[in-house]
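Once you scroll down, you'll see the structures, which are given as structure tokens.
Below are two complexes that have chain A in common, paired first with chain B and then with chain C.
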Partner chain A sequence: MATTIQHPARADRAQNRSARAGATGVGPLERQRRRTFWPFTAPALAVYLVLFIAPVGYALWTSLYKWDGMGAMQWRGLKNYSLLFQDPSFCTSLVNTLELMVIGGTVTFVISFALTLVLREMRARLFARSVLFFPSLVNGMVFGIAAGFLFSPSGPVNQALRLFGVTTPPKWLSTDNLLPMVLGTLIWTATGYYTSIIMAAVDQIPDYFYEAAELDGAGAFQRFRHITLPCAWDVISVCAVLWTVSSVKIFELILLFGGSTNAFPPVSSWNTALYVYTEAFPQGTVPRLGMATAAAITSLVMVTVITIVLRRVLRREPIEY
Partner chain B sequence: MGRTAMSAGRVVGAATAVALVLGVSACGSSGSGDSAKAGGGFTYWSMWRSDEPQAKVLTAAIADFTAGTGIKVNVNWVGRDIAKKIGPAIAANQAPDLWDESDDNVYGATASAGQALDLSPVLEMQVPGENVPVSQVIPAKYFDMEPKDPSGGTHYVIPYEVATNAMFYNAADPAITAAMPTPPTDWAGLLKVCDALKAAGKACVASEGEDPWSNELFFDYLLNGAGVNVAQLAADKSGAAWDNPAVLAAAKQVDQLVKGGYLIPGYDATKYPAQETNWASGKAAFYMDGNYVTSEVAKEVPSSWKMSSLLPPTAKVPDATLFGFAIPKRAKHIDAAEQFIAYFMQKKEMIGISTTALNITPRADIPAPAELAGAQQALNSPTVRQTFDGAAGSWRPKVLDQNYLDFWHGKTTPEQFVAKCKADQVSYWQTQG
Partner chain C sequence: MRIGTTAVWLLVAADLLLVLWIFLTSLRGGSDILKHGFSLPTSPRFGNYATALDQGGFAQAALNSVLTAVVSSLVAVVLAAPCAYALARRRSRTSSALTMTFAMGLGVPGQVLVVPLFVGLAKLDLTDSDLGLALVYVGLAMPFTVFLLTGFFSGIPAVLEEAAVLDGAGPLRAFVQVVLPVARGGLITAFLLQFITNWNETLFAIVLTNSQSKVTLPVALAEFVAAQQFNGLDYGTMFAGVCIILAPMIALFSWMGTRIIQGMTVGIGK
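Coming up: the complex of A and B.
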């Protein structure tokens, strides 16, 4: 026990010593590299500061005030945040955001894995991949608009179901089914996208791994579990993060599926992005920018925490091949 | 081989780049007016897009105005996003000198925050060529219904178009005339008409089940008939206003429509405009909406169709939405903008709103298009009211909408609906800070 504690400390000291030694006794190439570090990094850093950090900082600052965007700002401190968590519609939005993230993510990745299993070995796989990728090229709005026609009580979907003997199909477009419909569209468009990325990684795995496994008697699922999954793990974990981040930003789909010309979608289908929108652009009244930014900051913190945790959980030793 | 493939690739690449540049520059060159500076004139941001008939009427008026006065108008046809853009523009001191929107948006986006100019001086101005002040052609009732701005004024919008919400129907439909020889005078009378229609195989009311707003209009009018002011109902932080027996009674009347099977079958499983289309093709008798619905279905309905409208029988006062001019307090060319407002109040200019844009004007001496004659007649009432009595902001989405949809879909009873609204209203006001 004692040695395991002492050991890293000693390693740290050693590293510090070598770092200090490095600062004085470096070669000309290294010196030049260090001299050019700031001139080359500064522009990127400046852009990052101006376009990302500054707006976030401004939003954070605004979230501490009551402000209509025009008049004077009134100091509120953290009250906006406490109001936010008292607001049942925000809590619904938060739950829905997590629901979209977790359920949507799980289903998308399970389907993606199943597809990689098939796609790696099937014929005409390039064609199949293009077909799978296509939905993600189409703007989500198109689905929102088409849904009204496709899923109407006498629409093509129900007519097709009738052929299979389903006489009482669900009321697809009822407000209860709003979130499941959004989720379905999301999964449909995202699956092809993530399958394509994961397949690009799978293509890099040498065939002899699979051949060897096959000779050892491994079935398709075992080959997936012991070869595909570990070898493509890096890419999969990046995909998981991409999904997490993008799922929080879903907005136009809900607005289009549930909204009408005169009203926002019903609260039961809001996510945090939509909550921010309704606070920032309410109908017939001045914006509540303090509440809107507080909600946006809360959702930013949430997605940051989840991303960090996800990165930790998914971290594995990279496999080199 | 490799070389030709390479150069072919380059040609395709170059062609794509050229096409993109041309495409983008074409976009850039078509946008005009935005950068125009107001030199001796004023800037005007409009809620209409340049291809809308109202924009054509306004464009003609602007041409006449500039020819007559020499004042240039720099117009920007912004479209409906204008209500979202005006606040930031005012904050950045980039506000236009004149803009137009519906009265609730003018109030919500500017007047309620004290950012709209009091236009009382415009009401005193003479209408060019008519020898009467503006106040004489625009009825005072339209200002009386408006909520007061922080300085107590209601003259922050001068209307040139008025809309109302009602139940629209085809008066030439024999099934409807048989079921309704004369318009019903009470709620029971309406239900009788519905029964007769149902017996004749026609749904009574077509409803876009997903849209809270148009369906809530029934409740809004019923509350009005029962003497309940919706804005006051919404403003009660304790929620006790929902305990008023008249509120529950109105909810029970709405419930009669739902439970009586008078709503078109499948209304809770479609998306707009499925039921509007069903109504226009004669599958249902009534459709509750703003009067713009008449122009929406103008191309769908046969020429034999005779558009009429009625209010839910108990309603006392018709609601009205104004579309009109407003001037931000921080505008720089107020005089010129005010002159233009007075100029557009002329009968010969405003009449285009009726003849070209096919809408109702606030001037009683301009007849509405034939299909809106009934709506204009309703608006001739001595008083008018705002929809939901002007209850605005997040109250509807956070308190009323979801609960009303559940109720309208038959999932909750009137008692449950009222109780849920009361509870949600209490927590709504707790989070308003």
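Coming up: the complex of A and C.
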């Protein structure tokens, strides 16, 4: 929809510009735009540089030192990074982060596509989509607290299971099961969001593609495989990058999952964000800011590399329609 | 297909029931909840809300949340709008380099910034202050808000300002009086999305605020849950707290749901 509306405007503008450029070289509007470019961009850029870019640089710098935040910084070079990979809690955190990213991403995308297919031909689809979308506006802690009650040993879920004759239900919130529970919650809350994005793309595919395919005798799966998937490919590749970035940012969902009894949840459910938080702001021990920032930089490098690889792998010729 | 439709409606029902259950549970007494997880409140106990607002510190926290979220989202949009407009209109190498620089920020997880920002704000004596937190939120908002608005401004035909400039309006006047009114929808969306993000933001809020008079709602909730572990669980009050954090999101979503969904999804596809 949006693209079809934009095209005439864009063509119009290009025509205007070339016409005027032919007459006077550079039009007054263009000259004005050049003059106002820096005054318009400078404030946002300054804030961005001071509050965003500089901190990233500072994190990189700190990651080369041993520092408790108060005393003097001690040079350590890259040793922080090698120490990091010898730390079992960091390795667990890293593996968990990748697990959330890869398994969570795959399952979320498969479900989102299935939902898109169903929603396409459903009544009250917009209402259903809205309800499914809503969890992405909810603070992750809410789900953690709700799960902590619903899945507690004598909680409603186990009571319900007993009705069905399950007398030894799984220990939902035991240390080993926390991460799978987090993963399940994550998938459930994220699916609605990605379904909405994919739906927005699928809605722009012209109907006559499907009609033609149907006349040619293509089944539902073939239509998906040969029309939906290629036409929505652009959006899918953007979604994959979006998922990669946002899966690494998960924090509050894990922090309070199952209403953890200590200040921090057990190490087995940490991701890198939790690791950074516990290293930098521990309860009762000395902060290790060097290690914390080294872990943060490691996760940043990981996101960057995976994003670049994803973009390469998923690149296709865009389809015009 | 019929199985699929049924599955979708089951999911929808589960989502709705969860919210309903949280609300109903927030009106019940603690021991009653432990006995029967799913049940209607016998007599609605609005006292849970009074306890949460008063003893749980949720009243002050809600005020802090509203204040930091509104102020920081507003400042972010005010800063980002002219920048995004300039980036959308001027097609030069500098312009696309800047656009790239802002877009790169989208890929940086908050954990990278949390230690440096804490250290920096501590030096300026701005930790445990809502001003400091709002400042951090403005910075964090820059990449996404500039990205979103750049896409939005390039969708507005340039004919409008061309006419204004030909009529003798200066660039600032053309922007404020001609472009901004047309762009109102995009600006509102940007503000809304930023407000939602800041309302739910937890990592920086936990790190940067800690005293009762400064914390935002997510921190108050986390602290309340932690305190409950020692005082015995008062699920009724806890869920009242959860409802306080949920209510504005439900209100905003039922009021401007389409705008929110479009802002969070259509911009992504471009």
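Note that in this section the second predicted complex is superposed on the first by the 256 of 321 C-alpha atoms of A that agree within 3 Å, B and C clash if a C-alpha of one lies under 4 Å from a C-alpha of the other, contacts with A are read in each partner's own complex, and residues count from 1 in each chain.
Just so it is clear, a contact is a pair of C-beta atoms (placed from the backbone, for glycine too) under 8 Å apart; a residue touches a chain by one contact, two chains touch by 3 or more.
All figures in this text were calculated on a predicted structure; none of them were measured in a lab.
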item	value
Partner chain(s) touched by A:Ser89 [first = chain B, second = chain C, both, neither]	first
Winner by number of chain A residues touched, once chain B and chain C are compared	C
Partner chain(s) touched by A:Ala263 [first = chain B, second = chain C, both, neither]	both
Partner chain in contact with A:Leu300 - chain B first, chain C second, else both or neither	second
Chain B versus chain C as contact partner of A:Gly284, first or second or both or neither	first
Partner chain(s) touched by A:Asp68 [first = chain B, second = chain C, both, neither]	first
First, second, both or neither for A:Pro28, with chain B first and chain C second	second
Touched partner set for A:Gly219, first chain B, second chain C, both or neither	neither
Which of chain B and chain C A:Ala147 touches, first, second, both or neither	first
On chain A, the residue positions that both chain B and chain C contact, one per complex	69, 261, 263, 281
Residues of chain B touching chain A in the complex	84, 87-88, 90-91, 104-105, 107-110, 112-115, 208-214, 266, 268-272, 274, 392-394, 396-398, 401-402, 405-406, 409, 424, 427, 430-431, 433
Residue ranges of chain C in contact with chain A within the complex	1, 4-5, 7-9, 11-12, 15-16, 18-19, 22, 33-34, 37-38, 79-80, 82-87, 89-90, 92, 94-95, 98, 101-102, 105-120, 135-136, 138-140, 142-143, 146, 155, 157-159, 161-162, 165, 171-172, 175, 196, 200, 202-203, 206-207, 218, 221-222, 225-226, 228-229, 233, 235, 238-239, 242, 245-246, 249-250, 252-253, 257, 260-262, 264-266, 268-270
Parts of chain A lying in touch with chain B, wherever the complex brings them together	66, 68-71, 76, 79-80, 83-84, 86-89, 147-148, 152-153, 171-175, 258, 260-264, 266-268, 278-279, 281-287, 291
Chain A residues touching chain C - in the complex, by the definition given at the top	2, 6, 9, 12-13, 16, 28-29, 32-37, 40-41, 43-45, 47-48, 50-56, 58-59, 62, 69, 114-115, 117-119, 121-122, 127-142, 145-146, 149-150, 154-156, 159, 192-193, 196-197, 199-201, 220, 234-235, 238-239, 241-242, 245, 248-249, 251-252, 255-256, 259, 261, 263, 272-273, 276-277, 280-281, 289, 292-293, 295-297, 299-300, 303-304, 307
